[in-house]
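Order of writing sets the chain letters: A, B, C and D. Residues in each chain are counted from 1.
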């Protein structure tokens, strides 16, 4: 019960970029971005994702279902409906969920035959702001 | 005294994932996730951790005691009671503490015989929200 | 419409530092810092950036235009007006935008012939604070 | 003028840990933690740092002066007064400043002859909280 309100319903990322090359066997060493969503609420969360680009209109909705009391890690590389997210191009994400969630992003880069990993939290929307 | 309210009592992470392989001698180069908790208050903090999975119910409580005015770094790999956290699988964390704490997570990956390190802050629960 | 207020108008970073050496072909493997700005609003955002230094007065404004509903990734290395940001020196950033944005920074380091990547969110200014 | 209130006066980190080994020439490739502080205000900031340990009382104050309108990057490895911060041991940080600042931490690890870099923001204290 005390978990039921953890998180926020809207999250934003501006640092999306998926390397177009990889070194090593798939899928373990495929360069990727992984969107990590935790739903601690007692109901399923339907997360509608909008992907922003630098040179064309945003694409939406990508829909991700995160069941109640579950975590889900989705490779952005695997989002193909309504269309694949281009590799090697900047993108941004907005997540709008019908239940509170927590969203973080993991960056994996194997272009150079070493592993580079970075992690970043989304920016939550914490309600009406005064500035 | 002015330190006594630093932090929050509830923290959430969605990006948990521990590599199942390592390269190099243990424990220094073991791939791992390290949960880092700081308790600046004047009383001990009992932190109850719930681990969320992608395909089964969450497991809890893992209990971590952080003494007053101490920091504690706990390898998620070492959490075995009530049960070990599986390697190579997505997980999420909720921390509920009886005293304000600060929680950050460190990711160490030695699968490729190089070191990859990432750090991420937990998402604090900052009380009642308007959205 | 529901996207129109996502983000904040003021963001700050203190961890800026661009490695002065690189290994590998340009521009893909050039060591760099990349400022990633997402504008989800329905109007263009004019972002005025101030660069802080350790030993002299801050330099401003660097102006970055982020069109409505677009993301933009700008290499700090490429900011040359009013003057280039020195490599191998600490710097900080303040962004002030006339529309709400989200700002994150990506660090890429190829000095050692491996890729090191880190990501960090800016610190948003969330309005008047009580402390 | 509009910059004068950017940041917060209290910041906390729980993920401090400095590798005890390094590969490559000093000081460029010395494994380290770098505390990055930006002071955008019009007055100097005196930052008092308390270092928390896992097995003994916190040590303070380490004093860091950040002049008005300046950024300063301080290696934790270089903090020696009142005493050096041990390598290879968990530590936490509390910063209390007499002017608003922004604090981020950079982790550099060269133990494996590759560069691993991670970045993390401090957790700001945003005033009285309801939970």
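General observations
We adopt the following convention: a contact is a pair of C-beta atoms (placed from the backbone, for glycine too) under 8 Å apart; a residue touches a chain by one contact, two chains touch by 3 or more.
Computed from a prediction, not measured in an experiment: that's the story for all the values here.
At the interface between subunit A and subunit C, under half of the residue numbers involved are used by both copies, so each side presents largely different positions. Ranking all chains by how far their C-alpha centres lie from the centre of subunit B, first place goes to C.
Put simply, the C-alpha centre of subunit A and that of subunit D have 29 angstrom between them. For this pair, subunit C with subunit D, the centres built from the Cα atoms lie 21 Å apart.
In subunit A, the residues that reach two or more other chains under the touch definition are 10, 105, 114, 116-121, 125-126, 128.
Those residues of subunit A lying in contact with subunit C across their complex are 10, 12-17, 50, 52-55, 57-58, 90-92, 94, 96, 105, 107, 109, 111-112, 114, 116-121, 123, 125-126, 128-131. Subunit D meets subunit C in the complex at residues 2-3, 5-10, 24, 29, 34, 36-38, 40, 69-73, 101-106, 110, 113-121, 124-128.
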